[in-house]
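There are two complexes below, and they share chain A, which is joined by chain B in the first and by chain C in the second.
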Partner chain A sequence: MDFIGVPVSEDTTNTKNKVKKTMKRQKPFQEPVDNGSVEESESAGSSFPPTFSLSTIKNKQRRHLMFMKLKQEKRKQKLELRKKRKKERDALGDKAPPKDVPKTIENQRVYDETTVDPEDEEVAFDEGTDEFSAYFNKLTNPKVLITTSDRPRGRTVRFCEQLATVIPNAHVYYRRGLALKRIIPQCVSRNFTYLMVINEDRKVPNGMVLCHLPDGPTAHFKVSSVRLRKEMKRRGKDPTEHHPEVILNNFSTRLGHSIGRMFAALFPHDPHFVGRQVATFHNQRDFIFFRFHRYIFKNEKRVGIQELGPRFTLKLRSLQKGTFDSKFGEYEWVHKRHEMDSSRRKFHL
Partner chain B sequence: MQHDDVIWDLIGSKQFCSYKVKTKTKNFCRNEYNTTGLCNRQSCPLANSQYATVREEKGRCYLYMKVIERAAFPARMWEKVKLSECYERALQEIDENLIYWPRYYRHKCKQRFTKITQYLIRIRKLTLKRQRKLVPLSRKVERREKRREEKALIAAQLDNAIEKELLERLKQGTYGDIYNFPIHAFDKALEKQDEESESEAEEEDDEEGEDEDKGRREFVADDEIEESDLSDFEDMNNLKVSDEEEGDSSEEEEETEEEMEGSPGAKSKGKTPLKGPVRKKRPYVEIEYEQETEPAPKSKAS
Partner chain C sequence: MAVKSQLCSVWVGSETGILKGVSLSKKQAFNFCEMSCLTRDQEVCTMAWGDPHETEVLIGCLNGRVKTFSTEKGIFTESRECGDLSQGRFTGLAVMDSSLITCVESGLLKVWNEGSSNTAEINVGTGVCRMRQNPSQRHHVATGGKENPLKLWDLQRPDKSIFTAKNVANDWLDLRVPVWVRDIAFIQDSNKIVTCTGHHQVRVYDPSSPQRRPVLETQYGEYPLTTLSLPADQASVVVGNTHGQLAILDLRKGLVRGCIKGLAGGVRGLQCHPSLPVLASCGLDRFLRVHSLKDRTLQHKVYMKSRLNCVLLSSRDLELLWLHIPQSWPAKPKLPLITKRGVCAFFGVQGLYISGSNLPVSSQSSVSCKAGTADPGGPEVTVPASAPAWKILPWLLLAVWWN
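The block that comes next holds the complex of A and B.
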């Protein structure tokens, strides 16, 4: 009896697969003999007719296998290219062209036309006469009132307490259902310079309203990743009563400048260097990271820092002229998601 | 003829009433004209041809009355009377309108009216207070923000940035004299001083050369301690130590003098820096002396 082989439609792919697999199996035998020939056979094995594509293989396992092999080959080619380039670079030695600067988001940032030039006179003039000029001319000393939204829960309360230790001359008061608009005139009459309201949602602080008091701007932030003191790893002892220094990093635009000045005005003028404490507001891609450290200079080139104190990140949601008035206030800047979040390289602070 | 009993018989328990809400313990009536809200024989507006309720519309209360005479005209069945804003006067109005009605309806209407006014007052009070605005979170946006924050944190390299800033401040001298290692200024001053001293040394060498040619004597201190054959080692040690101390102190004095000369700007308080100036080894010659001392004559006690 003659058996006629039934032609199967997937014959071609099977054979190709088998070819590849046999190649793979032959490799360990061929390797010790001759490396060059292996590479040639591999490259010969991977030269498929141009109409071939991975997606035509119906069998998932085989398709996956082929895909992995493809990836490996690509990786190998990339590695070879890199090695070649490195060899060339080494061969050239000093004459080699300088390495390319890798692209980062900070490099590729869309240039913001409101970026402040350090020598800009107009900006300097504005800053000399804005709401913070009183502080920066050393006329007033900061006095901060920290409060929460209604009925704060454990974490928020502890967060407020820790904030009060970090910011000198800060007082925590409970809200008890008072309206902010009524609190503000009382604060002004008692010579407070700042009102800080921590908003809470589901027992976790999630928002902050920072209001500079004698009719200063009001900033509304989204607060995230709050770490209380006991959750910090390798933290130091509690902060002392010394006035900390302030570091403000990367506030480059006009908006960033005004926010930076807002943060700076929270702390008293004369930092006690004896205390060796520093509060940092670092802006990166519109996120403001707050950290509180104690530093010690080991020698003139090295400094050790130890984190105390709470840490949190802020994202500016809106900046409003005048004291807190969400309905009728005049907004200087509002974060509009559809307009402002469309580009990944555009930042506003 | 209005057949209330038949209606109640049917919808009360036997058959279906679409306004009835059954719960484990009680039956409620969802009919908007119901005064009490319960499903009772007396409270059912369908099973009573004479009925009265109080309802509020946009903050104003109205008394609704249904009488058997208008049972045939459903469009005109309910008579609507606006009640006054004043609480007591409205109660009087209810009394006047339901003057010959059974006590039950008067009582229930007044009760309902009281409840309505109470909740209207509460609404007005609450609208004056701050109201919590619930803002919906978009999950996609929140996730995106969280991821961006993580990436930004990694890109920020906070510790490095802070350390760099602090070192910058130290270099610029914002900390003043608190820290003992103003070594940058020190090193610069040292370099200057070295340059000066080199130039001076050249001049001095020339001068010295000239002096030596003239035949001057120079007295050079010897660093090494002379070894002698004294038997008293303690004294020797004392001598040694004292010599060493003297030698060292003299060296130190000279060096500190040099330092003071070299850094008029930098104030050195307390300890000298670790990287001190390199001590120049002066040329020295080792000389050994041998001394023969006769033992002291022993005096015998006689």
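The block that comes next holds the complex of A and C.
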């Protein structure tokens, strides 16, 4: 019996060769390459039939390897392109066209029709006569009551204490299991203007209810990323009793304006510039970042800042008209995840 | 101003006291007010049509004044003092035979006669949330409120209510079920009344039956229902709650037919169009939205800059038709059929029902397409000026020649 030696490739352990063999198997119309020659320098994308896709390879390891090769090729091409462009730009020198602005999510944000126009009379009237008008007309001074959900633990207690040092005229009270609807009339009679309730879950603060007191709106936020003072690196000394300045960034829509005014009304009107302290509420992509800094002007153009105080992130969950009444109150805005979060470029604040 | 107000088909009242008119075909909103003398106590509490031809809008303000706005002239023609702040907000406005019916929160229902100063007064109980007039029997009004059950009054016999609803039986814990009627509507062609409550219940009462308890009761959601409206086709009701959820409920079995998405804030005003399956809603999120009830999709969304309190839809269907997605219009045939009916079908395909009155053709009656091939419910409208002439003219000539 004649045995015809079937040529078998020697290096079966070399998976790259296996990959190349699958590549060969998948293109039957290619001219037959010698079994020995496994040096194929053609790029991954050029030799495949147009209907080839990585997802048809069932073997996970091979598929992964093919994907890695694809990514490497793409990266190489991108790098070559960049080098070429840089060379062209250098060659042109001064006459080079200006650099393109890269696309970011903030650039690509879907235009919100509720964006407030500064000259709009109707919105100006609405804001001039809303629930915060008493504060903005300098008729009331803020007085904040900070409390928590029942039986708070460690971090939340310390967070509340630190918040009380940051917000002037703030008082922390222990919540003895009292109902908020009963606390509110008592606060109103004692001239409080804000009620802030920090909700705690598993020993960590995770929510905040901010209720403007005489009859004002109630905002419910989700709190995340809380960093207490001792966890902050390179921080300054503790904040002093001076009234801080307030910076509100990027609250552009009508809802953003309402929330921005709510934050502004937490702090007294006249900041003590002597104290050089500033509280910042920065809104980006519907997340509100709170930071507390002390600044110092080194000379006309350079400022040094050191971060003091707690830092946390807020996300608005609902804005309710009227004081806290989650069951029977009317909501001005409710975050509905499936309807509002469907687009990555649409923001509401 | 007059031109603008004649275009508007939806009227919205806001919390800042501004009356806004919206023209859906032109996609524009107009403010009808004087910007200089705006005050918060002119907040629009309730609106109603002043006459059956919908040429006048009655606006009840917070300070007790009732203003009349003429849609044809575009200005406020009249303003009457019908109460003051101490009595509470207006909860209902109605017109009966040139006399004005107002109801305030403290329970004072007054009938103001034109010219003469005598007014009939009825005390309907405190805490009234809504007063509505029966559109078919205009001397019947219904009132209801917080701990104030539904009462039906006949204005010709004002001493006692014709019908007072009885509270439902105690619940499974044997506790009294609280009463909080938020909105009322009269079902057409029958005696029944539909109410929605602040405890997320929808109830149907029948005054002609001996039973004073509700004939049907359903629940929807977990939040207080603020408004309701009855669409053109019977046996369903649209309700809205404080969370911005709108739902269509079936009144035969009391099940939810579907929900309408899109609102972010509490619904304050809701109205269905009398003949088309179209719903206008406004609320605290400062938007007026127009939805189609057939497929529950959003047709229009208008930003109005102030929180909105009430909405009025006019029953003019001309401009609204072009916005109504033709669900029931015939599907496009592959070839234009060369028959008399076929030409009509092709017309129907493009959505052009050419009515005879607007075209400079002598044989006008022959051009109008009847509803034989197309949807019988689709009324005839005029061709908009924006349709290109080259599309219409050859078919026009063909139709004329054919006839």
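Convention: the second predicted complex is superposed on the first by the 278 of 349 C-alpha atoms of A that agree within 3 Å, B and C clash if a C-alpha of one lies under 4 Å from a C-alpha of the other, contacts with A are read in each partner's own complex, and residues count from 1 in each chain.
Following the convention adopted for this analysis, a contact is a pair of C-beta atoms (placed from the backbone, for glycine too) under 8 Å apart; a residue touches a chain by one contact, two chains touch by 3 or more.
Everything quoted here is computed from the prediction, not taken from an experiment.
Annotation for the three-chain superposition on chain A: chain B and chain C fit side by side.
Residue contacts after overlaying the shared chain place A:Thr148 against neither chain B nor chain C. Comparing chain B with chain C, the partner in contact with more residues of chain A is B. When both complexes are overlaid on chain A, the residue A:Gln277 reaches neither chain B nor chain C.
In the superposition on chain A, A:Thr156 contacts neither chain B nor chain C. When the two complexes are overlaid on their common chain A, residue A:Thr165 makes contact with neither chain B nor chain C. Of the two partner chains placed around the shared chain by superposition, neither chain B nor chain C is touched by A:Thr323. In the overlay built on the shared chain, the residue A:Ser252 is in contact with neither chain B nor chain C. Contact with chain C, but none with chain B, is seen for A:Glu332 once the two complexes are overlaid on the shared chain. Looking at the shared chain after the overlay, A:Asn199 reaches neither chain B nor chain C.
When the two complexes are overlaid on their common chain A, residue A:Thr218 makes contact with neither chain B nor chain C. Nowhere in the superposition do the C-alpha atoms of chain B and chain C come closer than 6 Å.
Overlaid on A, the two complexes show chain B and chain C touching no common residue of chain A. Those residues of chain A whose C-beta lies close enough to touch chain B in the complex are 104-106, 150, 177, 179-180, 224-225, 245, 247, 249, 273-274, 278, 280, 282, 284-287, 289, 291, 293, 295, 297, 299-301, 303, 305, 313, 315, 337.
By the touch criterion stated above, chain B contacts chain A in their complex at residues 129-130, 132, 141, 145-146, 148-149, 151-153, 155-156, 158-159, 161-163, 165-167, 169-171, 175-176, 178-179, 181-184. Across the interface of their complex, chain A is touched by residues 15-16, 18, 31, 35, 38-40, 198, 222-224, 226, 242-244, 261-262, 264-266, 268, 284-286, 303, 305-307 of chain C.
Chain contact summary for the complex, chain A toward chain C: residues 113-114, 120-123, 125-126, 129, 254, 321, 327-334, 336, 339-340.
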